[in-house]
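In what comes next, chain A is part of two complexes: it sits with chain B in the first one and with chain C in the second one.
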Partner chain A sequence: MKIPPVEIRSPQSVEQALSVLARLGSDARILAGGQSLLPMLRYRVINPYALVDISRLKELRSLQTEGGRLSLGALVTHRDIEQLPTQEGEPSAIDLLRRHAAEIAFRPIRNRGTVVGSLLHADPKGDWPLMFFALAAQVELRSLRGIRHLSLHELIAGPLQTKCAVDELAVSVTVSGERLSPLAWGRSKLVHRAGEYAMCSAIVLRYESGWECWVGALGDCPFMLKTASAMLGDAPGELPDMETKLREAAMQDLRMNVPELTAVEAYRHAQNVMDALCQAWPRQGAESEIQHG
Partner chain B sequence: MVNGLDVPLACDDRDTLADVLRGQGAKSVHLGCEHGVCGACNVLIDGVCTRSCLVMARSCADSAVITLEGLKDDLAQRLRQAFTRNHALQCGYCTPGVFVAAYEILSAGKELDEQTVRTQMAGNICRCTGYQGIVDAILEVAAERTVGMDIQETAI
Partner chain C sequence: MTQAPGQYKVIGTPLPRVEDQRHLNATARFVADIDCPGCREVAFLRSPVAFGRLQEIILPAWLDADSVWTAERIEPLAKPIQAGLLREEFNQAPLPLLARDRVRYVGELLAAVTADTRAEAEDLAESLQPDIEPFPPVMDAWDELSKPSTPLHEGLASNVVMRIGRTVGDPDCFTDAKLRTISRRFSMGRILASPLEGRGCVTCFDSKSGELVVYASHQRPHLLRSFLAEQLYGISESDIRVIVPDVGGGFGAKSNFYAEELILAAMTLATGKPHRWTEDRYEHFVGSNHSRQHEHEIKAYFDGSGRIHAIQAKVVVDSGAYSSKTSTGAIEANMATNVMLGPYDITNYKFEAISVFTNKTPVGPFRGVGRPAGCFAMERIMDEVAHELGMDPIELRLKNIIHTDQFPYTTATGLYYDSGDYGEALRKARAYADEHWLPLRHEGGRYREGIGYAIYVEQAAHGSVEWERRGSPLVYGHEAARATLSPDGSLTLDVGTLGHGQGHETSLAQVAAEITGLPVDAIRVRQGDTARAPYGMGSVASRSMVMAGGAVAAACRLIVDKAARISAAVLECEESSIKREDNAFVAPSGKRLDYAEVASIALVQLHRLPKHIEPGMSEEGLYRPKVETGTFSYGVHAVHVRVDILTGMVKIKGYVVVEDCGTVVNPLIVDGQVRGGVAQGIGQALYEELRYSSEGQPVSVTFGEYTVPSSMEVPRIEIIHMNTPSPFSEFGMKGMGEGGAVGPPAAIANAVSNALRPWGVSVDRVPIRPDDLLQETMDGGGLK
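And now, the complex of A and B:
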């Protein structure tokens, strides 16, 4: 269907955008990449009075990787992440981000869709919420009233719902140094056809403090498999020996978080976690190497 | 700017780029699904392949947009010929979107194998050809390009 009648406001700066938002409040939606927003308008899922077009605000294009921090401005696209130039000694999670970005939808969508937009869209099947939950990222929200920093957990309230206030604009997402440098990582996204939303999605991270198995595309928002992660400990044995127990622990965690999961669905998600885990598993004679998928 | 010409953006706020381009006579922009899945509406915005059905026309006020009608350079001509030779189109409905996407991929100048072409072109749906002809055409032009470069180096 066509876009419903709507007004477009084109602020010339972030400050102006905040003024527009302050006046229009819940009558307005932010237009950045628009790759999730426009379909919602077409399906009449939302019907705002106005769109606040921030897509041409150059100050929101910043992408900083210095000082071991990763900071993405509101207009950084999935393609920008996919194409991050390789740098000597870059934090180990940068490549995790590249691989994750490369599997989002299709190239033309990645060319325009934004990372921050994806987080604020908060689609439970979306790709970036899982990643930035796992990396313990912070989102900066600005309004005329001031600035707030929220974790993904604080930001995402449910499917397509966030705690971003009607007069607030998300200007960036940041991951701090420690979380950017896991000792090992693995990821797995199961889709039936190219470009689809994930049927199963998992990210496994290993830090000095322990392992973390994160699951997305399930329930209201991404979550960590506590039992399975704890079982991995810090001196895992041979994966084949542990595999059955780990998968069962994963299935247990999954069904606890999402009680309506059938046995088959739980198995499928658990196996997908195992696929991600395989990539992160320490290989023989490679203790000092960063392990990744 | 559309296909090299400055054009006044006379449209309603609600119009997408696709609507406006078609209204201006760029009928190659096809509305296959209007929600970003089929790829028939692909255009280049500032050189970047984008779904014109998922971009508001007003957002493009400062941009240079190129549709299939505006792709006339050497690469585009060779790609057109490769499409013909390899039966990369039948009904032609998906073709503008396929062509623009292929053009963007080939413009990047990287080496391409079949798997990479299929992955990068996954955003275009074709009901007629079964895709093989499209893949062959793109690989052929990619290979030509390498040959062309070798010949130039030899000439020096």
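And now, the complex of A and C:
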């Protein structure tokens, strides 16, 4: 399990990186945090001729909140998000991002692994695709040919597959100010063992336009539970009263999107959505803690 | 009978391990750290196919054929490994070093490739193309018995490794219509040891001494040397030296004689060049011994009072493709049926133990060997009987337990239990659970709590009687230790056991300090070098403290006796009047000699040594227990779980172990052994399982797919000690290295079953899978 022979290219600027990518095409892979790439190299799942190490490109470390938007450069790590300094009046989803980041794998992985790298890895079990699908983020791809902005729907083509061309470098991911400020949010991630990939993962967001229940960790890529979300939109009331109906709707949505789900898997994913919803639901008094496990 | 307080000065003291310093400072030296100039690094090509005909291995034209070793090149240098039991029921098949004609599991060795670095060797290995015609593999041991396939091994009539069975006691019991019965089928998944450090070896030729030197990460250095000499052509055992440096855990997985060490030794003998192989994690998953994978059918015959009159058990184990040396493929099933009855006074027993060849990695020993599965079936059925009768599970156990006045007690299978108070251990566990865990909480209908118990008896430190009874071709039952006193008064102990995390360098020094009066820091324990230590059996079967401890005590007594003799002669008094005070020998006159002075007189001041006393201060002590059936520790595990019925997830909220291993030498080490074992048992109960596709492809070959519990999943483990010395061992010590891993599957399965009783959920397999719990709760009407 040693990595196969591979050349390392260390461009000094994004421009240089783009020209290296343009020259090498499919012979190159981009190395950012390496937390997914290196195991794949060790298991020889991939065997590129060269790695383009972008870790020295300081310009990709930027983490900006401008005009309410949030933009994360390609080298922003999970840990950077986990430790985003609290700011007064910050958009409500910033804390959602913090909590989401804090539950990714273990600290050494969070220290190195990058958010954009995780998106481009496009593992259906990954944590970030779910988040950025839910927040309707855009990824900026650059190449010598120009700049493209793709939504996650446009970017992710399937498990471990993206529409990022061989000469393109994903330089950032951006969330609009509007999407970054939901009225309420909830999230729930269920893991069998600490630090593992999620068994179930759900994010629930409430905007003026209505509720959105998103699920990940299953199927080809994250998706929204349409019927369940719609049901929440036109039936405000006490959550316990609608729990059974909601759960059924969620299970129906789940099985429609992922027909191979077993009954217990669908039930557990639906339950996990309910747990996320509980967090987001407006209620009186103290938060009831969800005790997983 | 309990250990008297203050009976010993050093034994029983919680000394921190002397080994810890080098590990904490990262200065320990493992096989991969051995400096070896010019070493050829080895990578193996392993079979990607579970079962098939190996037509040929195609080498690319550019590859230097010298760097590739296939069966044709190795066969003239070394013999295939043969492992068996001296029992007519045993079906023996050879384990080829490198496959020829047939491959029988994914991971089987096909060729060794050498290069300057491991990475280059892996690149070369990847360039080889094994041409294998695949056959349908044998993947299910239970089905194999009803629908036999073509035998995997030539010359064998079936895929049964061994089938034994016997009815003990009153056969009418099994047809007694007055008795009630409960039958269950239980399964235990396939797991493996996963030590931090994998296996590995360096083989080199010492031209000065003429020795083949083999560094290996192994639990039994002397046996490794004997086996190498037996297998290699043209070298005698005295020309082989095995050195075991630091070992990062073994748990049994490093006790067998594998092909890799032998292949490297053959390559070095043939070329004169040093070679190194370091197992990586993928290789550990497919190439190191697997363990467990049991299917049990068990039936209890009982009356309305809760007395169990008889037990009937059928145990089928998936042994994998070959019998490993020395464990054989029969190790798990034979042990499980042998110890099934545990602490209970049940004299009517009918059992069948069947081990089956399949196209998987061969099984071997792993902490507990058969005992976790035997305990799982027995303790699960005890809970089912208790539930059926509406009895408290502890009361049911107390009703059937062996009482203190019955020791020594001979079990239905012939085990000779030495001592203990099993009932008291059960009561202590219940008292702890009642005090700390009651009342159980069932919050909001979502979280259900349960308590589960398991009790076991841990046979350890078996002597020759037990090994002979099992049909082991090697019948061992002693240890030797050499104690050498230097002129400065420091003592060196050379032992043939091999601590690989158990702290022998500390605990054996404590035994020596107890006998000699020397301070522990004046005593150095050395192990793992066949050129230094007397022939020993290494560390397996929880034997080291009893056996090596006994040998160290014997050697130290010889040193003390000789020192007293020399002191009497030099101080001119009767030997019987010499008194030892700490590290000095005192005459009635008040004159004294300490160890340094005595050793100097015996070694470099010979003019002061009377001629009737032999010079020298090095003594070999031998230990062979008078009763050779082993010591029997025991323990009760109690666990408090909470199940989320809406997700099927289990959380362990509390865990307590009541254990009795007789006289404790070092309580810190004993506690560490218990806790480490429980952690592995929790892995088996809730997380770990080696899974295969129906085509025989292993699908859990990383720690991402094979999840071992982390510190987040293992709770604080409370330990309550009892100390009933063994009447049969030195100081009354009992082996105890494995018990921690024996109890958890049974205790946790009982706790989860108890939590989910309202929906009729009965946990019949480990690892316990959230999907199964959710499905059964759903089926039982427990979900909204």
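Here is the rule we use: the second predicted complex is superposed on the first by the 281 of 293 C-alpha atoms of A that agree within 3 Å, B and C clash if a C-alpha of one lies under 4 Å from a C-alpha of the other, contacts with A are read in each partner's own complex, and residues count from 1 in each chain.
Convention: a residue touches a chain if its C-beta (ideal position, glycine included) is under 8 Å from a C-beta of that chain, and two chains touch if they have at least 3 such contacts.
This structure is a prediction, so every number in the text was calculated from the model and none was measured.
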| item | value |
| --- | --- |
| Touched partner set for A:Leu31, first chain B, second chain C, both or neither | first |
| First, second, both or neither for A:Arg44, with chain B first and chain C second | second |
| Partner chain(s) touched by A:Gly195 [first = chain B, second = chain C, both, neither] | both |
| First (chain B), second (chain C), both or neither touched by A:Arg56 | first |
| Partner chain in contact with A:Arg107 - chain B first, chain C second, else both or neither | first |
| A:Gln271 touches, of chain B and chain C: first, second, both or neither? | second |
| First, second, both or neither for A:Glu7, with chain B first and chain C second | first |
| Doubly contacted chain A residues - partners chain C and chain B | 1-5, 39, 43, 194-195 |
| Contacting residues of chain A [partner chain B, same complex] | 1-8, 10, 31, 34-35, 38-39, 42-43, 51, 53, 55-56, 105-109, 111-112, 194-195 |
| Contacting residues of chain B [partner chain A, same complex] | 12-16, 19, 34-37, 39, 42, 48-51, 53-56, 58-59, 61-62, 101, 104-105, 119-120, 122-123 |
| List of chain C residues in touch with chain A within their complex | 118-119, 122-123, 126, 280-282, 447, 642, 644, 646-651, 687, 702, 704, 707, 709-710, 712-713, 770-771, 774-775, 778, 783-784 |
| Touching residues (chain side chain A, partner chain C) in the complex | 1-5, 39, 43-44, 190, 192-197, 199-200, 243-244, 247, 262-265, 267-268, 271-272, 291-293 |
